[in-house]
């Protein structure tokens, strides 16, 4: 199952992958590239990853989300490479019997992905400058 | 903008309607027909609505969600008629600059729609029986 | 006024209890919703349990039970809701 | 061992600070990551501020700084992360 991709992300295929007749609730979080950050005008973003650990970490988070929240499905996919305004950087898809845990689980999935997966984003501004966004230090296990 | 439909719901058109370059967070809640309820095997559901108030109430909730949570986009669409297992009964789409309020807003949107919009669901079970699901009394304003 | 009938729209479980989407009763002499509901229960006793939890609407407005029915009004009964 | 070089993969902001995806330094005599990082700072002083917040990895494992480098290891430096 794809967890990192350098191609535009396709939500439909993730929805198809997670189809589940026992699940009445579907929550999707998608992160898209917005046109501003801290009052600066953003032109594009470059995402890079350390793939060997990023793929493993995303798979672990998917399993952890299912274990902690008891949801039946959790899939996360992150795009890497150069993204334009409006492009989708990440999809998190959660399905469960009821909606309460689906919301909790999806929020945990994105929060944890942002803080535990070795992916970096460099923001390129309209004035020609670029900045790596402040991140969360990874911990040794 | 369509808030009630007797046709299969299309998420893509709702995503297109709400496109917003200032919004980095997208949260979607979708309710799908699941194959069981209270240990009974569900075969299909029929949704009915009192359309004059249902359409008005959904439009009010969309506005309320934007006002309360400061999110830039909120769209809700509910399907009515006969639905099979796996069919989508409702989509709630929220977009905002950041993800925290997007999750809160989407949860409020579905909770409020369930409790304030005159829509009823009748569950048809495999044993031939059917039941109107217990609901929330509407209040006079 | 009193010569007309009052049309009462029975939605959700009320439709299945009365077997009818619309019930007609004599126009209540005092124009009150309470009197109309009492008359509905006489014809369809099965709705008695549900009625206290129903909201009343005229057109696209929910109205309190103190609302005085006007000529041309059709009463809409909205049982407890639960879409999604 | 001491004859070989240690390859250090500089990711994210470290790559932009060093101008290189991979820096090579002399294999640390004591096989320690700390010694390797000190040598990296000598060549690329700009990474000094970032290094304390970086995690170290070998292959697909994050390792503590106490890890003893083995023949064939390449050190991967992971600055603070923030995808999404």
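Chains: A, B, C and D, in written order; residue numbering restarts at 1 for each.
To be clear about the criterion, a contact is a pair of C-beta atoms (placed from the backbone, for glycine too) under 8 Å apart; a residue touches a chain by one contact, two chains touch by 3 or more.
Computed from a predicted model, the values in this text were never measured in an experiment.
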Omitting chain A while every other chain stays put - resulting connected groups: B, C | D
item: Mean-CA-position distance for chain C and chain B (Å); value: 27
item: Centre-of-Cα separation between chain D and chain C, whole angstrom; value: 76
item: Gap in Å, rounded to a whole number, between the CA centres of chain B and chain A; value: 24
item: Whole-Å gap separating chain A and chain C, where each centre is the average of the chain's CA atoms; value: 51
item: In chain A, residues with contacts to at least two other chains; value: 31, 110
item: Chain D, residues touching no fewer than two other chains; value: none
item: Those chain pairs that satisfy the touch definition; value: A-B, A-D, B-C
item: Complex contacts: residues of chain C adjacent to chain B; value: 9, 11-13, 15-16, 53-57, 59-65, 76, 78-84
item: For the chain B and chain A complex, residues of the former touching the latter; value: 11, 19, 21-36, 85-86, 97, 99, 102-103, 106-107, 110
item: Residues of chain B defined as touching chain C within the complex; value: 31, 47-50, 52-53, 56, 78, 89-90, 110, 113-122, 132-141
